[in-house]
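The following blocks contain the structures, represented as structure tokens.
Presented sequentially are two complexes of chain A, the first with chain B as partner and the second with chain C.
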Partner chain A sequence: MTISTISARRRRISGELVAAVVIFVVIYSLLLAVAPFERNLYSFSNFVVLMMPLAVAVIGTSTVLITGGFDLSVAGTLGLSNVLATVLTSAYPDMGVPITIGILGLGLVVGLFNGVLIVLLGLQSIAVTLASYICMTGVALILLPAPGGSVPIEFTSMFKLSVGGFPAALGALIVLCLLWAYLSRTRFGTTLFSIGSDRQAAVISGMLVRATEVGAYAFAGVMYAIAGLFLTAVTASGDPNAGFPFLLTSFAAVALGLVSFRGGKGSAIGAVFGAGSLIALPKLLFGLRIQDFWSGAILGITILLALSLPLLSHVAKRRRRRPAAAAVTDTRSRKDLADVE
Partner chain B sequence: MAFVEIQNVSKRFGATRALQRTSLALDRGEIHGLLGENGAGKSTLMKVLSGVITPDEGTVVIDGEMLQHGDPKAAREAGIGIAFQELSSPPNISVAMKLCLRDTPKNVLGMIAQKRLMSHARTVLDEYHAPYIPVDALISEVDLATKQQIEIIAGMRDAKRLLVLDEPTAALPDTAWLFARMRHLAAQGTSIIYISHKLKEIEEICSQGTVIRNGRNVGNFKAGQESEKELVELMIGRSFEHTYPEKRDADVRAVEPIVMVNRLSAGKVEDVSFSIYPGEVLGVAALEGQGQHDLFYALAGITPRTGGQVQITRGSARRDTALVPEERKAEALFLQLSSLFNLTVSTLADLSRAGLVSKKRERALGTARADGVHLPHTMLDKPVSALSGGNQQKVVFGRALSQDPACLILFDPTRGVDVPTKVELYDLIRSYAQSGRAVLMYSTEIPELVGVCDRVLSMHSGQFTGEFTGSLVSETDILRGALNLESMSAQRGTL
Partner chain C sequence: MSNNTLPTDQTGTTILPDPRQESVPRRIGAFFAQPVVIVWIILVLMFPLSRIVSPNFPSLGQLESTLILGLFLVVVAFGQGFVILTGGFDLSLPQTIALGAFLTGYLANTGWPVMGAIVAATIGCALIGLINGLLVAHAKFPPFIVTLATGSILGSVLLGVSRGTPAQPSPAALSSLFSGKESFLGVPTPIWALVIFALIAYLIQMRSTIGRRTFAVGNSEIASRVAGVPVSSTLIIVYTIAGISSGLAGIMLLGYSSGADLNIGASWLLPSITAVVVGGSAIRGGAGSYAGTIGGALLLTVLGIDISAAGFSEGVKQILYGVIILIALIAARLGKDTGAARI
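The block that comes next holds the complex of A and B.
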């Protein structure tokens, strides 16, 4: 009892988050080691701006995953946000700020819509969010039938500011991570994790289960909209299918961030580092002069390795226990020994 | 009108009538015992009171106010507190959080103020005379008895008018603490429904009580006026003596065992060894979550083994093991498909020729199997979901027996089954053992193990704590073993 009490007190940062950070640090350090041209502030700044759309999107994706749900609408909201930003800013170049706010509102509405259908009507989250993804891609195609459009420089630079060489985007990402850390320490956050670990128990305990679930989808929707805005800043153009690649990469990043797909465990901040790993990996392979078509296979293997990390620590723990147990065969003294441990 | 008035509450689940016009009345501050077997409708009644399910008919009136059904929040606001038997705390929140879900201290930003939460929880625990519970541990880290205590305290905190305790002592060995808290609460004017089938406890703490069977009230009693035997007979609806089949009397251990388990580890099970002999029904007694699930499912080949050997001498049997699992709806049955299909699906090879399933043979074989488990033929073409719990379990039994296993593995085989069917199942279990096979059985009901098994092993924390054979198979001893009482008293010296 005493041992577990102490560990509970110290457990402020989860093992999964530490692992996700370590994976990122290893990949990024290797990248710096093999690619001298990455070792400057300008390249770092570029890297951050490049990873922003994915990094912000996965904050939303992992929030929903933690409740035990699935959200495929990431691709739709992201794409629609990108197309809307392109079309609207070309038409009204000096309305950058209202357009930004409007697009955030759109993300919120889509997320609320998903959440209400899933929670109040009891529909399956994968099906609902898949439908809203397809629907939003359709709307995007109506607004902008082919990739293109030109986004005014005033708008893109709003998202690519740099302060003393450091990208303002990094600041935005940190703010979003802090926001998530804050939310996870509120009653909303506690409920979020409880639902993912045992929904029935959360209901019986009298937690606000349904409101929290709807909140998770709404929060995710806003994150996807922000991600779409950053994507617009990176590409400076619109593409009705821009969201499609994110359908898979957001889940890959979440896996690299060691957020549990079963719900109840993980950290969106871990997923942000997962996104970083995912962006850095192809660069590393390029630096190593490994041909491009290998990157898929290597990415897949990296994800599998990341997923098996908890298993490895489990095995290591058992290894540590085994020798002590094997040394004593008498059951009674073995039990005593276990108590001492 | 009484302080708490539960009137004519009914609830059906498919073909199962869980509650049939059940009524209960309590005065202010009364402690009322609710007696009934597994599946009698006690937990359904509780779920109605907690607002988790909506009844088909009936009303609940507390202190003159009608309770709005199907709304957990309304139930809480009406002052109803519940301590569930299936522990209802999310495993990944802290003890303090569970205790203070309704009055979580927050800082100006709306974040949970951890320090104040901890000290608030400590005050709560002091108030309930349980200061030894660690407030900052996670729910998943504390032992079962502590979890149950936390559940009870959380329930008591909600219970301004009515508290419902569901088998609180199933996992809590110390009744002194519980009864003191209950009396304290009752003295403040809260009425308490105490669900248990431990008659001694009901006698000790309750002023009067109600017996329910198959969802109906079958009797009321005042403390000390009815004999234990009369109450048990009310509960099970027949004389106690004729419930269980004769056990075998010969010493089974003269022959080679069918199942030999040597230092098996799997899941929560650590290094256990035992044997089961031909003709023997071996029972395992344990509180919830002590590794019995992993042990049974490992023998059935589902939970992966992490160490040790299992040796099964098949003899004339066709398979090593067949399992009657814990949750028949989730784990055993194809609910939308017919009973006929469910009875025959495990032995498709018997009824197919050149890979094609013969409908004629399926019916012939299925009918024979239905006869074997006393399932009426009219049930064969119904979807199995339309059958009552008892008939569903007969289908599960029929399928397991038809696989002709050397060792039949039964995990809580009479859960949610009506009493007449229970008796039929006991006979089936005994006659299967008598055909020279081995049976391994777990039950949440210790009296059932005492009645059915030749030998019982008690299990605690993944290890066996006692063995009871023949005349030594007694309820209290087994319970002591399942609670691991010898080491418990040392560990929980503060109690």
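The block that comes next holds the complex of A and C.
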């Protein structure tokens, strides 16, 4: 259902997105095949709610990655959002909506802060976002020194609503994907991809490079805040280090979504499916009765296989059209020269 | 802290592109505007400033514990920094540290001589680096995600293999060498290890052929290839060296803490990157010096000691860390050719 809704609205579907969807469909079908208890609407609904924090976070991660930047603040914003939601809702149980809006605002501010430092001061994205991640973990630790706290049920149920058996979270995810699909076709989106593939050319052709780049970090910050809220709904408690696992899993999900790590290519929607694959994989191993400490190995191998997919399609293309190879090396060298600055 | 960096910034802003044609004061200004020099100045100033947090500081004991505790960060940051110099990342560092510690402990406890266990563990870690290097150089996969994947696989295999005995006690010889209780010529043995390692690492990165090739590859792979630099083999060697240095860190940590579990490396990934960044290296490769990285590693260590002595909570400690990184980044940025527009 998700697939058809999204694909119907996109004019052009990239090979990467198709591959990301195929990986997810294969893993999820295998899961359904080996685990009979997953074959019902209730389990599906649970699955969607469980994957929401990662799925929303990777929309932000991949947006920044498309511009050629790395955003490690995902772990900080997500964790701080989780802690703030826990601390504030247990103090003011009736203020669910204002608290939600406030936390989204915080994500926006952190994203803007990152973006301004990176773009206006010309600092390196991975270093700035690493620093802001560490700072936010510090703030989270001051607010809530140890994991715990209790989140009122009114707040968690806000994110776990279900309509006729279908989780409202799925609707939210589809809305976010559609929003991204729309954004990627606006001028903002075009500039986003141009920055990632050839920054100099984007500047020369008069695009609003700086504003767009700041915008990408701000957008990502809001996504991380939303992800933190969904995480709070799933765990119903706060943990100052809740974000840490997302630091690496969000990039793993992005890799499974076949978003390019060199910028300029990929789709956040593919990354969402990557997140789905990442959540489904341990469940599949559980269904196969494989001991859980092997899940890291299977995950690593799956990532390496996903990485080699574009390589395979490249080889196939080259076999069909020999001169294509020359064109590819040409764009690579141009990108390399642009990187030197 | 910002007060200390400010004057250098102001002198830094006056530098013109070619300092050779400048007057002596300007050349001095250019010298002090180098990220490496800034880091070392801040590091040296940290010791008298430590008095703010404790009346017992600065002391010889403080310097000693900074160097002993700093050893591990100096070692892991070398491997990480060498990889970053090529424009990559090594995210498999925590698991490689664990492999080094686990293999040494495991082999020594099954009756291997300690030296043999150390060599075998180092070779094991070199192999992990070699695999990373092959995947990056030949399959052309992005280093960030390759090392994330290999780290994930290695961590999982270690968990699977070590079932039942995940924690390994350290062989006695190793403990006495790295716990800081033994001295040689009045200086604790870990400090000797620090000096020897730093010297060798400095020579590899800054003075050897492979070091020079690493700078070239980090600046531009295409240009290096055109100039005849063997890019693939350089990358493979760099990742292998990174694997070895992580392994050595694991072996040292095993000795220092008299034992190791599989999580021993987990807390070193972010500090390894932080030390490199604070040391003034470009995170996208091509520029940086190991002297800066050593300064960054020791600065982070002395900060950690001061913050612990001041009795700050973990949260304040983290915030201070983050702020220091930002200050170092901004100082390095302002110190560099100011005004040269980034496109």
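We take it that the second predicted complex is superposed on the first by the 306 of 341 C-alpha atoms of A that agree within 3 Å, B and C clash if a C-alpha of one lies under 4 Å from a C-alpha of the other, contacts with A are read in each partner's own complex, and residues count from 1 in each chain.
The working rule: contacts are C-beta pairs under 8 Å (C-beta built on N, C-alpha and C of every residue); 3 or more make two chains touch, one makes a residue touch a chain.
Worth saying up front: this structure is predicted, and the values here are computed from it rather than measured.
Q: By the touch definition at the top of the document, which applies to A:Val163: first (chain B), second (chain C), both, or neither?
A: It touches nothing on chain B or chain C.
Q: Between chain B and chain C, whom does A:Phe261 touch in the aligned arrangement: first, second, both, or neither?
A: The second partner, chain C, only.
Q: Under the stated touch criterion, name the partner, chain B or chain C, that contacts more residues in chain A.
A: C
Q: For A:Leu304, decide between first (touching chain B), second (touching chain C), both and neither.
A: Second partner only, chain C.
Q: Applying the document's definition of touch, where does A:Ala316 land relative to chain B and chain C: first, second, both, or neither?
A: The answer is neither, since A:Ala316 touches no partner chain.
Q: Pick one for A:Gly122: touches chain B only (first), chain C only (second), both, or neither.
A: In the superposed model, A:Gly122 contacts chain C only, not chain B.
Q: Scan A:Ala146 for contacts with chain B and chain C and give back first, second, both or neither.
A: Neither partner.
Q: Quick check on my understanding: which residues of chain A belong to both its chain B contact set and its chain C contact set?
A: Overlap of chain B and chain C footprints on chain A: residues 200, 203.
Q: Which stretch or stretches of chain A touch chain C in the complex?
A: So the residues of chain A touching chain C come out as 70, 117, 121-124, 126-128, 130-143, 145, 199-200, 203, 240, 248, 251-252, 255, 261-262, 291, 293-301, 303-304, 307-308, 311, 332-333, 336-337, 339-341.
Q: State the interface residues of chain B toward chain A in the complex, per the touch definition above.
A: 50, 52, 72-73, 76, 82, 84, 87-94, 97-98, 101-102, 104, 106, 109-112, 134, 136-138, 141-143, 154, 158, 271, 306, 463
Q: Can you name the residues of chain A that touch chain B in the complex?
A: Residues 1, 4-5, 8-9, 182, 185-187, 190, 193-195, 197-198, 200-207, 264-265, 318, 331, 334-335.
Q: Would you tell me which residues of chain C are touching chain A in their complex?
A: Its residues touching chain A are 91, 135, 139-142, 144-146, 148-153, 155-157, 159-160, 163, 219-223, 270, 273-274, 277, 282-284, 286, 313-323, 325-326, 329-330, 333, 342-343.
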